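Right, one structure below, let's go through it.
Lettered A, B, C, D and E in written order, each chain numbered from 1.
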């Protein structure tokens, strides 16, 4: 009984996985495989991270980063999904824009953020802009590939009833592309978090995890602080993904049922 | 003929360039030099070498191939690991139950923040840089492959079960092809991410590469140089993506044909 | 109503090309129910998809109500051969049926009741709240019939619509189709493999040859109306006609040359 | 060979639960061909999927060759009702048919020729290089029959395998099934809606009731072998049996109470 | 935020009545390092408020991006080091230095090597790798001047960019042979890995070298001369305190950096100049010309307020 139910307990299994990694890193540090001067011991990091959880200033930083993250991600979806549909359904437009888009896609944040600093006089707007820029690509590309995967017969069915292209888009292409889009949004969520922190790091600002990392750089134990703050970024990633997974399960029951994706 | 048609598709490029030139000339902002100025600087940086070396400068010969080499190494490693691990996680609920939090944790971490970790684990230089690239770009492949493998049509899996397909047959002949459209979306995303991570990996403790050149130009306030590096990245991105799409067209031809409508 | 002249369709090009339709001429009057029979893979579905504007003919043309079909005509419904793929898995059965009714001038309640009525007619009132993937094959097929009938199109195209149901249900659906047709004056093209069925429900039976499909027989069915599963099938004309259609379909398989 | 005892299956739970199988007991001897008929949606596919180990029964058990089925048994082939979704769109028709043969001790050439032979038997030799989505519905169905027959399983489960082909092809496929069965001593369970077909190909015809499905008739078909499309169907026993099966299927629809 | 013409921010309620500052709300960037101590002292002790200014100090990571924030308008003024400033000016950006903040003292910026390093003098660095926090900046400039006095040039070593916190680890791993560090990392490296001082980089040509100050855009100076003057007065007052009272600096450090009081008490601090001196700044420009950082000479006075360049 116990073996089975243990494996069925999702959070427990996850905790075991995390504990495993923790022990591995700690062991690597203790045995000198990873020099603790170069990268702190797992236990040291954990201690610092725990202390941060009780640090009001740091919590305010987290909230500020999360605000930019949420706003940026929302805007990303609002921009990238329609753009993906436009490009995915209009091959001529897509092939005309492709060189420009493919040119823009590999511009790194380190080059982008300084330019954004020049263009935006408001820090928050700047953050949102770079988040949307970087996080839109996975949503855009996944939407376009999802559209290619729509069952043609489903589209033909609606067309045969006299529905126009927009109705087909809305009632068939969108629902059947939704699982693809969801994967893109999950990818975008972590990219958005990374960009929010990077923008704070490069641009400074009143508060944010990135700002915290700037300040931490002044400490003699800077590495420990920086890695501990990073741990919290990872924790945010786990939490946000759990939420996304819950929403996806609700929305895509049909998809799971047809594909054995249910677990 | 085909070349002409290929060029025809690029019609928007000169339009954008002209608009860019006009806008930057009108704005007269130091930080936004006109494309012509960027071109001059690019020529100086990379194409003013001796004719017997195809006019490539030392900087071009030293930096571009090194960077592109690391980029490909990183992309290939991320591709192999990402697809393999993604398929495993997609098909094994137990495994994914243990590893999912670690993966979600890992992908929310800004790659530059992990530099000390990689510095500790790997020799500085190429090893560390490739590790950074792999870590930064593996997520789209991993996630897309995982989701693709999780959502294989039930009827296809039942068919392979009923006919007693071996594990490897099931994986290679059924699950992998079904997940292919998603995997390709992931690979395409990570290809340009690889360029970005290539740059990031060359920002710390590095002495060569396109990213190093970008850093060098930024540190020297050489704005045409900064833009020139961005242009090189963009052009590389376009070329790599075009090659990728050509390969995809071959490998996913069944998919395109099966799903096409008038 | 429907006028098809010298319609051809070729899939692909070059040496791998497949000539599916080899010049079809067909006129269907308003309110007629024409059954189409022919060997498997001859091009029946291709013909139907061309009429529905889902396939661009490579030659000839389809004229519907006086205008050439170049996109999907208005006021048309199709029951696809691959019915399971034509239902939307993200919608309940009731929603699947009522969705097309949005094109009609109906409010939500009317759509709902029209959908429920159609589902009841095909014996699926109890499955309205289920999802298509919770239904058996035959039930899915009936949902897609219900969807088409609820829509009350002026032209209804049905591609082997009763292939997955039991004999009794099949007869009920045949009668339902006849009833709905005469109530709402629909024109119907129905593809079937069941020769008895083609004679029982059809005003005409059109027989296609092997690929490239040509019309090798066009028989008028002059059985007394209303038709009835027992008396009609015992009618001497019925027996004669089904033998005739059978001969035409079979003949084609051995000779592959146009007859009639 | 196959022994099913008190098999039940319920989809879902709580108030929305659907009792598909209501206690099925069935024994099939080696080499037997058992046809299963029953009203649409009664639970035939559910029964078949339980035998194939694709569905965990909620009660009772399935024993195959002495061992309880808890996962998909070896040496089994299925022709799915939803044949089009069971073909792999990324493989050519020939590859679809030959892929399962890798389990057999065959080299590449043998697999290829076995696949070609099976395709020829179903009349699709010319379509070997095509992809499934380039075929008509009936052709896809025949590919999936060819795949199952080429595999030469000891137990073959067929779910309405001949529903999408024309009458002539259907007869050919029926005869092909009978031939392959006796050559290779397969045990076959065949679900069909065509009562004539069930009597023509079956050694036994099992009739299921409406949901929750129970066996309401189990008729032995003692028609002289070899069967023949013309003489067998004219045999007085044939006529008698089909009437009997028809009565059982129909009876169930009005009474819904077990009979026989 | 640059324009500052909206009524709220141009409140004339400041001391001095009609002569009050044009713009009273300022956002300024500062690095969380000792250099900016006076800005925080001025804020904490109400010197800004006393001049009618409301100042918000935001941490920034480095001079270059802060300059871009300045030009983009998200900052009104920022701390930056002088090398960055001259580089930016030579690239055509119009900026003005309005306050001097920090100046090097002996042992405030040292070249460090690992505990048992075979490198005993800067002359041994030929062909070696040297970590600096930023390429083409004060670090490389100062290290190069040390190399020169030992008969080497910048080309004789390889400069690698690493963040200060990573340097000790890289020294220990042997990835770099020497590292140019400042406080508190200097002290931390000595205690953690026993790093040894190879050379003080602020001697000879770089003795008492000007390090950092506050810059604004030229436009800002022109449009807000009174604000600038008020700001300068407040900072100068704070510089006085910082220069004369180490305790005051030690107290303020933990409030805006992650340097704790104990560390603050032991680290080597630079000095806090109390005036903005053109000739001192000129040394930076001249050394930059000499080492090729600047292609043509720049006169320091052109980037001080009052001189319109």
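Assume contacts are C-beta pairs under 8 Å (C-beta built on N, C-alpha and C of every residue); 3 or more make two chains touch, one makes a residue touch a chain.
For reference, the UniProt names are A = ABC transporter permease; B = Nitrate ABC transporter permease; C, D = ABC transporter.
What you see is a predicted model, and the numbers here were worked out from it, not measured in a lab.
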| item | value |
| --- | --- |
| For subunit E, the least number of touch steps when starting out from subunit C (ABC transporter) | 2 |
| Longest centre-to-centre distance from subunit D (ABC transporter), chain (CA-based) | E |
| Pair joined by the larger number of C-beta contacts - B-D, A-B | A-B |
| Rounded Å distance between subunit A (ABC transporter permease) and subunit D (ABC transporter), as computed from the means of their C-alpha atoms | 48 |
| Whole-Å gap separating subunit D (ABC transporter) and subunit E, where each centre is the average of the chain's CA atoms | 83 |
| Distance from the mean Cα position of subunit C (ABC transporter) to that of subunit B, given in whole angstrom | 50 |
| Mean-CA-position distance for subunit E and subunit A (ABC transporter permease) (Å) | 36 |
| Junction residues of subunit C (ABC transporter) - those touching two or more other chains | 54, 82, 85, 134 |
| Junction residues of subunit A (ABC transporter permease), two or more chains touched | 35, 38-39, 114, 118, 151, 156, 201, 223, 226, 255, 257-258 |
| Sequence positions of subunit B contacting 2 or more other chains | 31, 116, 119-120, 153, 203, 218, 255, 261 |
| Residues of subunit D (ABC transporter) touching subunit B in the complex | 49, 52-54, 72, 74-78, 80, 82, 85-86, 88-91, 99-100, 102-103, 131, 133, 147, 151 |
| Contacting residues of subunit A (ABC transporter permease) [partner subunit E, same complex] | 35, 37-39, 113-114, 117-123, 126, 201-206, 211, 214-223, 225-226 |
| Touching residues (chain side subunit A (ABC transporter permease), partner subunit B) in the complex | 7, 10, 13-18, 20-21, 34-35, 38-39, 95-100, 102-111, 114-115, 118, 137-138, 141-142, 144-146, 148-152, 155-156, 179-180, 183-184, 186-187, 190, 193-194, 197-198, 201, 213, 223, 226-227, 230, 233-238, 240-242, 255-261, 263 |
| Contact set on subunit B toward subunit A (ABC transporter permease) in their complex | 9-13, 16, 29, 31-32, 93-94, 97-102, 104-114, 116-117, 119-121, 139-140, 143-144, 147, 150-154, 157, 181-182, 184-185, 188-189, 192-193, 195-196, 199-200, 203, 211, 214, 218, 226, 229-230, 233-238, 241-242, 255-256, 259-261 |
| Subunit E residues within the subunit B interface of the complex | 64, 68, 71, 87-88, 90-93, 131, 134-137, 158, 160-163, 165-166, 169-170, 173, 175-176 |
